[in-house]
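Every chain is named by a letter (A, B, C and D) in the order it is written, and numbering of its residues begins at 1.
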Amino acid sequence: MFVVLRPQCPSEEERQVLHAAEVAQLGPKLTTIHGRRIIALRGEESQTDAIPFEAFPGVERVVRLEAPYHLAAREFHEHDTVVEVEGTRIGGGGLTLIAGPCAVEDGDQLMAAARAVKEAGANLLRGGAYKPRTSPYDFRGLGLEGLKLLAEVGAEVGLPVVTEAMDTRQIDDVVRYASVIQIGTRNMQNFPLLEAAGRTGHPILLKRGRASTVTEWLCAAEYVLNTGNERVILCERGLVAFDTAVRNVLDLSVVPLAKRLSHLPVLVDPSHGTGRSELVPAMARAAVAAGADGVLLEVHPQPERALSDARQALRPAEFAALAPDLAAIAEIVQGRPALI
Amino acid sequence: MFVVLRPQCPSEEERQVLHAAEVAQLGPKLTTIHGRRIIALRGEESQTDAIPFEAFPGVERVVRLEAPYHLAAREFHEHDTVVEVEGTRIGGGGLTLIAGPCAVEDGDQLMAAARAVKEAGANLLRGGAYKPRTSPYDFRGLGLEGLKLLAEVGAEVGLPVVTEAMDTRQIDDVVRYASVIQIGTRNMQNFPLLEAAGRTGHPILLKRGRASTVTEWLCAAEYVLNTGNERVILCERGLVAFDTAVRNVLDLSVVPLAKRLSHLPVLVDPSHGTGRSELVPAMARAAVAAGADGVLLEVHPQPERALSDARQALRPAEFAALAPDLAAIAEIVQGRPALI
Amino acid sequence: MFVVLRPQCPSEEERQVLHAAEVAQLGPKLTTIHGRRIIALRGEESQTDAIPFEAFPGVERVVRLEAPYHLAAREFHEHDTVVEVEGTRIGGGGLTLIAGPCAVEDGDQLMAAARAVKEAGANLLRGGAYKPRTSPYDFRGLGLEGLKLLAEVGAEVGLPVVTEAMDTRQIDDVVRYASVIQIGTRNMQNFPLLEAAGRTGHPILLKRGRASTVTEWLCAAEYVLNTGNERVILCERGLVAFDTAVRNVLDLSVVPLAKRLSHLPVLVDPSHGTGRSELVPAMARAAVAAGADGVLLEVHPQPERALSDARQALRPAEFAALAPDLAAIAEIVQGRPALI
Amino acid sequence: MFVVLRPQCPSEEERQVLHAAEVAQLGPKLTTIHGRRIIALRGEESQTDAIPFEAFPGVERVVRLEAPYHLAAREFHEHDTVVEVEGTRIGGGGLTLIAGPCAVEDGDQLMAAARAVKEAGANLLRGGAYKPRTSPYDFRGLGLEGLKLLAEVGAEVGLPVVTEAMDTRQIDDVVRYASVIQIGTRNMQNFPLLEAAGRTGHPILLKRGRASTVTEWLCAAEYVLNTGNERVILCERGLVAFDTAVRNVLDLSVVPLAKRLSHLPVLVDPSHGTGRSELVPAMARAAVAAGADGVLLEVHPQPERALSDARQALRPAEFAALAPDLAAIAEIVQGRPALI
């Protein structure tokens, strides 16, 4: 970290900055280059950030050289992390297909969806038992009963299950019935939830917040990694949009960017990322072409009967037609040097 | 709610929509005007939204006429809600000043801040014991010890305390030591937290999410109101910004807008709303001029020693100079008919 | 268009709306469905929008059923438009590669870039003679001299030239020396420029504004089409971003969306769309996978000597390595029914 | 400017950077602090930016210390600029009210609006003769005839006129009939228009682009100032919004920010800034409280007959009721030290 002093910073104010840095054992070193006074500080961001240099009257600006995350950084972990989920490998090459309904509604709906996606090549089953809904009057999921249905149906068709936990009190049940804990976009910075989920050692699928920077996202991953749990899977799902023609703006550039900055696997959810089923196939293909390690897709046996997000669900036949395209594109792009 | 059918919608698809609406007892009524087929539905949004009409092949669009919230709506609750906190009235005229440090750091810091803001006219003391921080390595608050300091200092200087709860497991302690539970911007859609906080009956200060619409905000308030707790205070604190010259874009137009749509009191936090202390006084004045029922301000006895958000804290003398301006502006604008 | 009246709209206010609609010959028809009063209007948006119904006291809302553009709409023009540029066909299947330096700097630089991209399979040569620059002190292009160099080099290597016009006074020169007039993102709503460019009959490459909706973009295309010029090529180039890790957020979902709404060809510019050369190959592949009719890529023989946008330029070898991937992906996705 | 090299930058790459800086006579000076290699460069941004250091392989990042604008910067021009328009002073204390209809529709409408706003205390008359409209089929203004009406009515009621020029070819006529040339939000970065308008020596009212940073806005002002014309008035008018409950998000924090960074007067347009007349009075009061030098307000004698932007126009009585509030708030806030 460098602290750049103001052009005519009085020496008293300069001393104040140096003193604070010395007390914090940051080894400040003052240099003058071309008339500008600069103070270099030693130490990781976590230490240097402990002093609010930006609030000192003599300081013009602070230049940070390191990312605020370490465990998530590719700089310190060169090889791709592969998260294994009951035999399926996510990351490090290959393509993971996670599919299923937005919400578990009943056993028949879930079984129909699960069989269809399994047959078309899905590797994991998704489905919500606890549903975050904008309005308290909307369908909010079956809760524990939904978890049990997921476990039963997943075992029956032979697919590990991914499902969301919305609160620290739900973690134990989700771990009991599912193989992967999903942290939703609204909870990306729910730090107690991240830590509680992390401590279970279960794989964590971490969706990006819809107004979160890539740095904030990797810091959220760092909360999980910092509990000792290395099984983190990132998932882009669209940013807040000023154009209401789509529900969100799917930011695919974050795929190659996150893969450069981090060693963690990166998935994409084009269903929430667009909110419109007719755009989902094109964006799923684009996600794989951008280098994603897999996609998360909402598939419902009868979208016009879905209790949530009906507008964005694929029909089983649409999913089956899409899967071979994704595999073909993955074959072209994987191993391309520019991806990392 | 109206469902508009596609121009050449086949009669089979029209029947499908009518059938679904009849089964759900929504009393569909079909009308043709100027050649377009429209189906009107009876019932509240909560009922009509239970059928995903947008996913039916014959449907062009759905037009919603009611807001998805009811308890929060001024339409059904004409008079301003006043939330009383230990004798201080928030909303319904008057001006509430809530001030104090971003985080509780130690007893001396908190006492210095509390005395200063009390003397300058503050009505409540703010301070964080549980701090949501982007990086896990930043100072995350004193936790329970911080709550106890808040209670002691608040009692000593005679100010009720507002502090944040980040997780359902923290609610009991926050209620024990503080008068108002703050729900932070990252948790505006943490629905289990909203409901757990609501059920305590304690006043809830609900910050707007930094990428949330006014409808989403009022739906979050509805989660609290729906627990039977009517003591909700809204607080605007800035939206995600594409210009890094400010930390957030403070959206003051939401003040008159929220007051038209809802009966709940509306505060503004210009400290987080700008992230830069030199912009805070101007924006606090503007917030009051826009019709806010009060402001939340970060005041630190020595910002250059603050452990969080130092860049946006006012010094006690700055707060003392600002308070009379806010009172003078409040006197001009209050009672203006255009405010509601 | 439908006008929905307020629930207790007085009959005097209802009459006011009906009267205005009758005077404008919009054939208003009043219907009551489920107690709500609705007025249907006949006529195109251009007529119905002439009356500001939203400003009438009795009106709750106006529901528009048609898009405000007609000539650009696929609804009235089922087949893909193909824009022919000196033998190269843009749109309607196939893949167009447009490549070259951001700015024309001198004859050697341009010739080196042009030869390299031609050899690697580019169909058109891009390069700026008039450069919009944020600061007046930056390099603003060679102007007329740049146009002449483009014409010479394009003829020499056998590539038609695309270049930007920033002002109506530049149109004549651009038409003299180039085959396609580019309208830049800052000028997407420069309506006099759109009409002046349109009237030349030259092909127009219309970049999307960085904060423009798809409707605004197609309305801008409508300005050109309305001059009688049907040779419009759309080009997505990234939206304003709150995360400074990228220069813009490339919105690839607009590719399948624009192709559904319109018959015009859609290109993507991943160079401006990301602003970082290391992300460009992945996003070019993704653009083609999303269904784009081609890509616009900045290629500079020595990016570290570029006078503008050096950070986002590919080297010739990078472009040559990328081109076969794009062709392979195009082969997979083209003809997919979900694209339209 | 400082160039920070990568941690293990090879000496060949370091020499490449130093060489380029020497050739450009930027007097590079290399320093090692705490093991990091930093190169300081002398010269203004305009010179140092001529070399694309960010594109050199050995460079980690470039740190700019100066703003890219100079003439607009308060740093080099301490006192507030006052723009005089036929005896009215804009900036430097006081409050300027600019009011009138969105578009000139006919002589009667304009005269009614002008008389009303004059009587209520307006200092200048606004009205559009050339109207930028999203759709080519909307009312686009009366053109030259509108300019003549503005000149006649302005002279009759005794108010100088502000009106927009959309194209360089309209500048001469606008200068002939109006006292201030408005550059609209869509043209903030129409650089040929900025320069042509600047060269007339006429006062320029420069609206902020709806997705423009404060730096981009001040750079646009720099284009005008750089022609030798010092009579620039800034005007904030709202940013692109993700919440469609308002048309734009009025960013009032840019008022104190722009006044700190620049010496130019800053106005606010709450009519476009909200797009809803019922929010305009509150936001006009807030703008003045934030320290604006004045406001721009749309006033129409009969909004329900307006040919454009009817939804956001005040009625004359509303404007008359608002004006005294604005004066009273201005009296409180002006001269506050925190404003600069």
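Everything below uses one rule, namely that a contact is a pair of C-beta atoms (placed from the backbone, for glycine too) under 8 Å apart; a residue touches a chain by one contact, two chains touch by 3 or more.
Predicted model, so just to flag it, every value in this text is computed and none were measured.
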item: Greatest separation from subunit A - chain, by CA centre; value: D
item: Repeat of interface A-C, chosen from B-D, A-D or A-B - more than half of residue-number contact pairs shared; value: B-D
item: Between B-C and B-D, the pair joined by more C-beta contacts; value: B-D
item: Averaged-CA centre spacing for the pair subunit C and subunit B, given as whole angstrom; value: 39
item: Gap in Å, rounded to a whole number, between the CA centres of subunit D and subunit C; value: 26
item: Euclidean distance of C-alpha centroids - subunit B vs subunit D, Å; value: 31
item: Sites on subunit B at which at least two other chains make contact; value: 211, 215, 240, 242, 244
item: Interface residues, subunit A side, partner subunit C - complex; value: 211, 213-215, 239, 242-246, 249-253, 255-257, 260, 273-274, 278-279, 281-283, 285-291, 318, 322, 325, 328-329, 332-333, 336, 338-339
item: Touch list for subunit A against partner subunit D, complex; value: 2, 4, 27, 29, 31, 33-34, 36, 38, 40-42, 60-61, 63, 65, 240-242, 244
item: In the complex with subunit D, residue positions of subunit C that touch it; value: 16, 20, 44-46, 49-50, 52, 54-57, 68-69, 132-140, 166-170, 186-187, 189-193, 210-211, 215-216, 219, 222-223, 226, 240, 277, 303-307, 310-311, 313
